[in-house]
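Two complexes follow with chain A in common, the first pairing it with chain B and the second with chain C.
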Partner chain A sequence: MKEKLQPFHIAILVYTTQAGIVVFTLPRQLADYFGTNGWLFLLVCYLLSAGNIGLIALVYKLGGGRPIFEILEQSLPKLILYPVYVSLASVWLMFGCMIGKKYILLFQMISFPTTNPMFFKLAVDVLIYLLLAKGIYTISKAATLFFWMTIWMSLLLLWFFPSFRWERLTPFLLQGGHDQIKGGIELYSAYLGYELSILFFPYIDKRKKAMLAIQLGNTLLTLNYLSLSLICFGFFSWGQLKKLIYPLLDLLAYIQLPFIERLENLLYGFFLFLILITVVMYWWAAEVTVMRIFPRIKKKGLTITLITVSYCISFIPKTLDEVVSWITNLGYVTIGIAFGLPIVLILVLLIQRQGRESRA
Partner chain B sequence: MRRMLAIVVVICLLAGCESDERILEQMALVQTSAYDLLENNKIRVLSSIPVIEPDSDVQRQLLTAENDSIKEARLIFSRETDLTVVSGQMRNTLFGISIAKAGLARYIDTLLRDPSIALGVKVTVVNGGAGELLSKNYKSHLDTGRYIDHLLEKEASVNSIPKATLYEFSRDYNDDGVDPVAPMVKDAGEKATIDGIALFNKDRYVMRIPARNGLIFALMKNNLKQGEIALNMGEVEGRKLVVMFSSLLSKRKVKVHHLEGERFSADIHVNVRGSILEYTGQEDLTDTDQRKKLEEDIAAHVTARAEKMIQDMQRNKVDSLGIGQYVRNSLSYKRWKATEWKDVYPRVKINCRVKVKIKDYGKYI
Partner chain C sequence: MPFTDVRPHEVKELLRQAPVVLVTDAKKVIEGIVNGGVAIFHDGSTYLLDLYSPESRSVQQSETETVITGPHDSFVESLTTNLSLIRRRIKSSHLKIIPCSVGEISKSKVYILYIQNIANPEHVEEMRKRVQRIETDGILDGSILTQYLEDSPNSVFPQFMITERPDVAASKLMSGRVLTIMENSPIVVSAPAAFFEFFASPDDYYQRWALGTALRMLRFMALLITVTFTAMYVSVTTFHYEMVPEALLRTLAESRSRVPFPPVYEALLLETMIELLREAGARLPTKIGQTIGIVGGIVIGQAAVQAGLTSNILIIAVATSAIASFVIPSYMMSASIRLIRFGLIILAGTWGNMGLVMGIALIIIHLSGLTSLKASYMIPLAPMKPSDWKDVFIRAPFSMLTKRPTQVKTPNSTRQTDKKQE
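This part shows the complex of A and B:
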């Protein structure tokens, strides 16, 4: 029998998929778009994502744990579905690809600024291939390992306590921001990743706990984001935070130990683990979707093809700004998918149920 | 086949980084940079680089350039040395008084933009020419840059000067309720000394707090966990009465009151605890009542000095203590935005309420 994902692993997998590149800019975006005490917006994001996960749980319940493709194919013709699958797969593939590229461009800002970024991208893609080739069960095991290798970094926030001042937070709630709708969508992409759990259905064992695990992963992520943002709002002044493009990098660079300085180069490397899982999961989702169109295709060949395609696409945007705008636009679509897909599935399931009842 | 492929990939990847190769012996790691504004509005940059060759007599190399921007200087330095000049190990930036008066914001911005420069780089004002101070050789110290760096670090650890790095400076500069501060050093012939604290109005240097008042300033600004001050409390029978108050621990609280017509008053409550290390007066420290009286005397003395210092600051419109943060936090966002804080600040009635507790008085009666 195929091994199933345990709730603990699901929680970790969801958390590591969600934790990605946005964390570097998150506190600044909160301060910039939502103004004073912008970190409160994280709570809104949390409620929305928790609601979205609720929808996914509903799909699971109504569908009795059937894979989503089965549900769709039962009611909709393949002529309609296949283009949808192709679009889903391409969005997920490119989203993952751009996240990887952004990490590398950021990495290059700190070290190796003139080396061709595509060399690093290739190295990272090889790692991703190795993970992807092993399948979801091994990915979740690796995610658990990566989780323990990175979660300790939250303790580094203690370093900033002595310089933290509540006065800097100000008593003003969400004042002085701008473009809140655009900012809200951009910030919400920091939570993306949980929506892929809709593809976990065939791999889950225990019903209730699995959905709870997804919620727990999302909650852990929120707590992490909240603590980071709160520290940023009290450590930096509001005006300063708005000017720091990557506040997390500045935080890391501020840590000095008696025997070593400029730790950020080292610490930044640890984030690769989180990014790897994020990218791997998006590509895995793309792969699973394409597999549905070509069920007889060799998995290995498909993996290599997908990675090659995405590698070629990642040549297109050259600068950080270009990558950011790709991510933003793809983020809009991914958010649409995150909410749209479960809603469509619920509608299909309800129609199917009605059909069954009327037949009975 | 697979192994071959792996080897080829690895070779390709390794070769890719060649342009970013860094060999320590070929690097000039700038440790301290000094910036001065010249009369023709150009900037003179002087950087001190430690020499790491083991058989060299000199400990440091100085590079200097006059031009329009501080980053451009690095390109000029490059032409003068066989090493690659990098700023990743920078510890301290010295700004001459001329440049500090003209405003530091754009230089701080430039430094912050560079990803190789961390937020922990010190910002220091030199009372005089920064380049002159850094290029001077002090007899007992081989490397002036490092000497000043250590001096600042040690003094900041006992709170006689504030800690000022790019982080603190830019944090306070970008905060609408507080002005930045930086320690001030000067050349004193045989040695370099702490000259006090430089107070800024936004990014422009405006006034100096003398070194002897450094701890009083710190008491009014922060909670302290360390500190030492000698208080000259007048004369008794022709002899100076000196109290050396040491191992200070203090807590500060600020309360803001709204008065009629856009006016505010602020109370700075400071609770200090510490040990007496030296006392040249007549009181008997073992006697509780007399000790209490001394505590009150010390509190009154500190209050008087602090209030005078604050009046000076108000006259110069520098809110280095961050009273504005507390006023801001007591108002609504709209009202704060409508308040021209710099105009209101000089009229704020600021009271210091100092309480002193003598923890112990040494091991001799």
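This part shows the complex of A and C:
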């Protein structure tokens, strides 16, 4: 029997896909775009993402757990669908690729300024290939292990309790921000990753509460973001937070033990585990979509081709700024897909249902 | 009276001391002789006597799996003795044996043991298939047999548990696992096995639960130390000096000031030295082995530092890693972990902390893909089974260990009734 994804693993998989590179800049972005007590905006993001997951759950319910490709192909001609598949796959492939590149560039900036970042990218891509080649069930197992190896870091926030001051949060709400719409979309990309759960349908055990698990993964992420941002706002103060490029790294650098300090050097590495899963899931989504166009293609060959293509694309943006703007633009499209795809599917399903009823 | 004068109906009467059968098939006669029997050809009939009683080592203490308290007997090279050692512990008619044989030339007997209604029939069937699928001239030991049976023979990690201890074998049977034992080998193979199972020792159960739990935790700490300690030293002293607090940095700089090599060479040199010592100690007779230990101790401990080849802090790191690796009860697992450590040291020497983390990610990815008899190897962490944690990461009191491990997918998961529920 083919192994199915259990609810716990779905929750962890969603959480680890969502948690990624944005966490380094998140508190600063919140302070910068939304001003004092900007962390409150996370609640808006949470509600939006929860609503989006609700749409995905509706697709699951209306479609009776059928894979989304099957639903689409039942009603729409392949001539329309295949270009859509290609676009979906390319956006997901490039989004994953740029997240990987941003992590590498950041790390290069911290520790290895003279080494060519593409060497590191190659090494990370090999790791991702090894994971991707084993399929979704192994990815979910690896995600669970990586989850345990990173979640303990949340406990490090306790270290900042003694230096936390409520007065630094100020009594003002969302004052002093700018470009809220642009910032809002940028920040919302910190939540992206849950939308890939729409592709999990064929791997879900139908008897279990899989949709609730997706919500739980999203909630866990929000709690994590909230606690981090709250600590940042109460530890650094709003004015200071706006000026820090990577507040999380500054936060980690504050931890000093008698035998070790500047922990950000080591702990930054631990985020690789989360980045790996984020990238691998986007590439997995791209792979599944391309497989739908070429069902007879050899999976191994396809995986290698996709990773090679994305590796070549990652040569184009050279600097961190360029990568960030790629991620921002791709983020817009991905958010569009996150909301658009379930809505289209719901419409298609409703039309299909209407068609069935009129025939009956 | 000479045997030639004996009449056919009197033969059985004369040979009643030994089990004797009248054989008419030539093949069976050859098989009987090859298996240590005696054939008597008399008056056109052939009698086969089973007089097979091979010399074997007496039951002694295991050298690789020692315990402080608890039974000290261990398996020997005789299949019948090994079976009796297990039967003495499990006097149940549910203990079933499937006889097989492996090796085209050696024709070694292999028995698959399981407890009916506790072991998963799919596991038993899978094991039987795998044993029957082996096509080779001969297999000489259980530890070779396990490499033929494992799911991923190319992996560095052992996927089946092997043991020399009858008490461990009996406990594996009762937890629903399938055992494979073969003649002329004191090694018993237990499957399926999980990665964390290799960190348990029978002593955890023979001692009180609090101590057992502390020991388990100590071993997982040892795993962390042995995998990362030397690599961390290399990474910090090569790339991330800023991670060392000032007071410690002074000591570190002082000890490294005379060393002419980069830390990664220094670490590899010392690690290789320790491995040489370990291997020499393992191959030599005990008395000379001790000499090697003393010589090695002096060379590594003092001479290397005085000569300026290594820093004494590295010696502490390498020695701690080595000791920690020997804390892991399974020799197979401890050897695998020592091997991967070399890879991590090289990665840490090339890319610092990031190399180390990439190495760890590689290990995790590899481990999550492994299976043991088609069951997940990383259970109870991935897939997550919190109910198993109390007998994996800690050793809870026996009153709480009411269920069999999830990995075996046993049809009868209850080990004992929960007294609290009664």
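In this section, the second predicted complex is superposed on the first by the 357 of 360 C-alpha atoms of A that agree within 3 Å, B and C clash if a C-alpha of one lies under 4 Å from a C-alpha of the other, contacts with A are read in each partner's own complex, and residues count from 1 in each chain.
In this section, contacts are C-beta pairs under 8 Å (C-beta built on N, C-alpha and C of every residue); 3 or more make two chains touch, one makes a residue touch a chain.
Being a predicted model, the structure only gives us computed values, none of them experimental.
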item	value
Clash or fit (per the criteria above) of chain B with chain C on chain A	fit
Partner chain in contact with A:261 - chain B first, chain C second, else both or neither	both
Contacts of A:299 with chain B and chain C, given as first, second, both or neither	neither
Touching partner for A:250 - first (chain B), second (chain C), both, neither	first
Partner chain(s) touched by A:36 [first = chain B, second = chain C, both, neither]	first
Which of chain B and chain C A:178 touches, first, second, both or neither	neither
First (chain B), second (chain C), both or neither touched by A:112	both
Touched partner set for A:123, first chain B, second chain C, both or neither	both
Chain B versus chain C as contact partner of A:353, first or second or both or neither	neither
Angle at chain A between chain B and chain C, C-alpha centres, nearest 10 degrees	90
Nearest-approach distance, in Å, of chain C Cα atoms to those of chain B in the combined model	5
Doubly contacted chain A residues - partners chain C and chain B	111-112, 123, 256, 261-262
Contact footprint of chain A on chain B as seen in their complex	9, 12-13, 16-17, 19-20, 88-89, 115-116, 118-120, 167, 170-178, 322, 325-326, 328-329, 332-333, 336
Interfacial residue positions of chain A with respect to chain C in the complex	6, 8-9, 12, 107, 111-112, 120, 123-124, 127, 130-131, 134, 138, 140-142, 144-146, 148-149, 256-263, 265-266, 268-270, 272-273, 276
Sites on chain C touched by chain A in the complex	239-240, 242-245, 248, 351-354, 356-358, 360-362, 364-369, 376, 378, 381-384
Chain B-facing residues of chain A, complex	36, 109-116, 119, 122-123, 126, 167-168, 170-172, 175-176, 236-240, 242-243, 249-250, 253-254, 256, 261-262, 264
